[in-house]
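One chain, subunit A, links the two complexes that follow: it is found with subunit B in the first and with subunit C in the second.
Coming up: the complex of A and B.
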């Protein structure tokens, strides 16, 4: 098992490796980054996160469609007055490979982790305490508010509301969000009152995280080292 | 809206992270820890609200509410957006981790500035209708400003992204329209039901 078990090292390794890979320029190193990420998945015996991979932002697709036509070079394909260049296709593939490798590595090292554990690890990495509290609290409230939003939308649907592209729809959604905000602010005050009553002083008592074992350091060093070697090969 | 890892150049990533860190730092220095549930709760509302697909013409858009967030949180929008983006990156793989800084700036900076500029006007408005009009303008303007910043981040990273940045800006127009309309409705609702919700409250706890 090469992946570090310690979440702090996982976060640090993922960040460093993705940051290094984001600066790759050549096609071969970028493809190597994808291969490395896939190899890690195979070693960890994890199924590939297809949903994350397919969830490409619209503008990313746009980038892949337009780059072959905007970058000058040897034309390989002509669509009317437009020429798609080999250099443009290569650039689009480099970007696709880098995005894929990053998504894979983040999914493998951090994806699916409990926000509470992530928050503790982030605190261990030196993130300010208010930011950590905000992170954990928001992760918790997303479920609460999401359930409330679903109830309000079910109620709208029960009254015959059908979303269309008109002012009525936009106003109804505005009132929905307004209602959510009013309830959320009340809830925030209740939460704060309840925590004061129980003697909360603004800081959760947290046991210090156990120190990473040597195997964790080796795993993190191997991942970041492989990413660094990819970048060095790219810049040679 | 969410730029993934692997697209932008190092100077843009580092510059974005620096501005985001400054914004978050300024906000945290003013943020009373008693107001954390309030910021987290609002952050969660906007997270949930952004999941609703709002029809615009033949397609649909996901709203961001950054203008409204700026009015309701002031500088507190920086940590709220940062935390929301971090959760989206971890939970769904949307956006990225090296781009957290620049994505936060692109959404939070216009929200904070427009919130600081238009917020006092909304709170001083004589009628809910006038507040709604101002809110709608703030919502639409924030989205357009965010679109310009996203386009600039791409264009500054590589001149080859120029065409994409322009096409992207055009796609922000329907979003700005829906964002303005829905934000106006939220503001008129709040102005009638709970006008004090439209004021940022970072320094004092619950009354």
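Coming up: the complex of A and C.
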């Protein structure tokens, strides 16, 4: 098992590897990054996150629609007054490969982890306490707010609301979002009151996490090392 | 005369658990039907199935004499059915009371002027015209419930579905609520734990247990009883 068990090292390795890969410029190194990420999935015997990838690739299609027409270069395709450049297509391919590799790596290393554990690991890496608390509270309450939104939408439907493209629809959706924000703020105040009543003073008393075992360091070093080698090949 | 609402052998399961299994009921014009049952017996689900917010896996829903199976069927019937939610906060989403009450009439195609006039009249009829410009999320529990009811009555529904209407409502607003419901001449289905309220309004009762509806009997008899209460000293 090459993946580090310690979540702090996973986060650090993912961050460093993605930062390195973001600097790739050549198509071959970017494709190698994708291959590396896929190899990690195979080594870890994890199923590929198809749903996540599908959402991502649909978004990346935008690159292929826009970049060829906005980057200057040798025209390979003409649509009326617009010319698509070979350089634009190449750039789109590199970007798509880099983003896919990064998302695969992040999904493998930290996807599916409990937000609470992620928060603890982030605090262990020295992330400021308020940011950690924001992260944990958001993960905790997003479902509550989502459920509130669903119930309000049900109530709107029960009163004969049907979305159309008119002012009434946009105003109603605006009110819906506004009301959710107001409620979320109120709820945040109540949650804070409840926390203060139980002795909260602004710092979360967290037990220090156990030190990573040597195998975790090796795993993290292998992942970041492989990412560094990809970048070195790219820059040679 | 056709039934306003007719459910035939409704089966509805959620998360693999049967909530309704063979539930049937018919609501005739002018009837006020109380549905009682333990917590979690599926009373709210039953009301949601009537307006199509939840779909039964088997059985038939007929609204105003027409079978309702698709969203379009339910959508056509919803303006004629006012559904008062258990939690008023789930129902109020506009910043001001007047806007919230005008929301339904706007959905049924009234212009902004007419909708606001209709909303103002409805608030006045319920005795809460003074709330018109208030923010909905700053109202008391009883005020919120009355504003929700105003939002439904502004659509002039033929049927009201009331889910625990007296929950969290103070005495003064409870009296306004009772007066408004007494003045309402349409049919209603009433889900409530408040026996006094049920006995005062319902003309018929049904009991929901194990996913089925069985006829119940409302009776009123004197009890010799004592209970503590508080008045100004």
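By our rule, the second predicted complex is superposed on the first by the 208 of 236 C-alpha atoms of A that agree within 3 Å, B and C clash if a C-alpha of one lies under 4 Å from a C-alpha of the other, contacts with A are read in each partner's own complex, and residues count from 1 in each chain.
In this text, contacts are C-beta pairs under 8 Å (C-beta built on N, C-alpha and C of every residue); 3 or more make two chains touch, one makes a residue touch a chain.
Just so it is clear, the model here is predicted, and its values are computed rather than measured.
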| item | value |
| --- | --- |
| Contacts of A:207 with subunit B and subunit C, given as first, second, both or neither | neither |
| Touching partner for A:118 - first (subunit B), second (subunit C), both, neither | first |
| Partner, of subunit C and subunit B, that touches more residues belonging to subunit A | B |
| Partner chain in contact with A:182 - subunit B first, subunit C second, else both or neither | both |
| First (subunit B), second (subunit C), both or neither touched by A:79 | neither |
| Which superposed partner A:54 touches (first subunit B, second subunit C, both, neither) | neither |
| Touching partner for A:236 - first (subunit B), second (subunit C), both, neither | neither |
| Set of subunit A residues, in rising order, touched by both subunit B and subunit C | 148, 172, 175-176, 178-179, 182 |
| Interfacial residue positions of subunit B with respect to subunit A in the complex | 1-10, 13, 24, 28, 31, 33-34, 36-45, 47-49, 51-58, 63, 65, 72, 79-80, 82-84, 86-87, 89-94, 96-98, 160-164, 167-168, 171, 178, 181-186, 188-190, 193-194, 197, 205-206 |
| In the complex with subunit A, residue positions of subunit C that touch it | 48, 51, 53, 75, 78-79, 81, 83, 85, 87, 89-95, 99, 103-104, 106-108, 136-137, 151-152, 155 |
| Footprint of subunit B on subunit A - complex, ascending | 14-15, 18-19, 21-24, 49, 51-52, 55, 57-60, 62-63, 66-67, 69-71, 91, 95, 98-99, 101-103, 106-107, 110-111, 113, 115, 118, 128, 130-131, 133-135, 137-142, 144-146, 148-149, 153, 163-165, 167, 169-182, 184-185, 187-189, 191-193, 195, 202 |
| Sites on subunit A touched by subunit C in the complex | 148, 151-152, 154-162, 168, 172, 175-176, 178-179, 182-183, 186 |
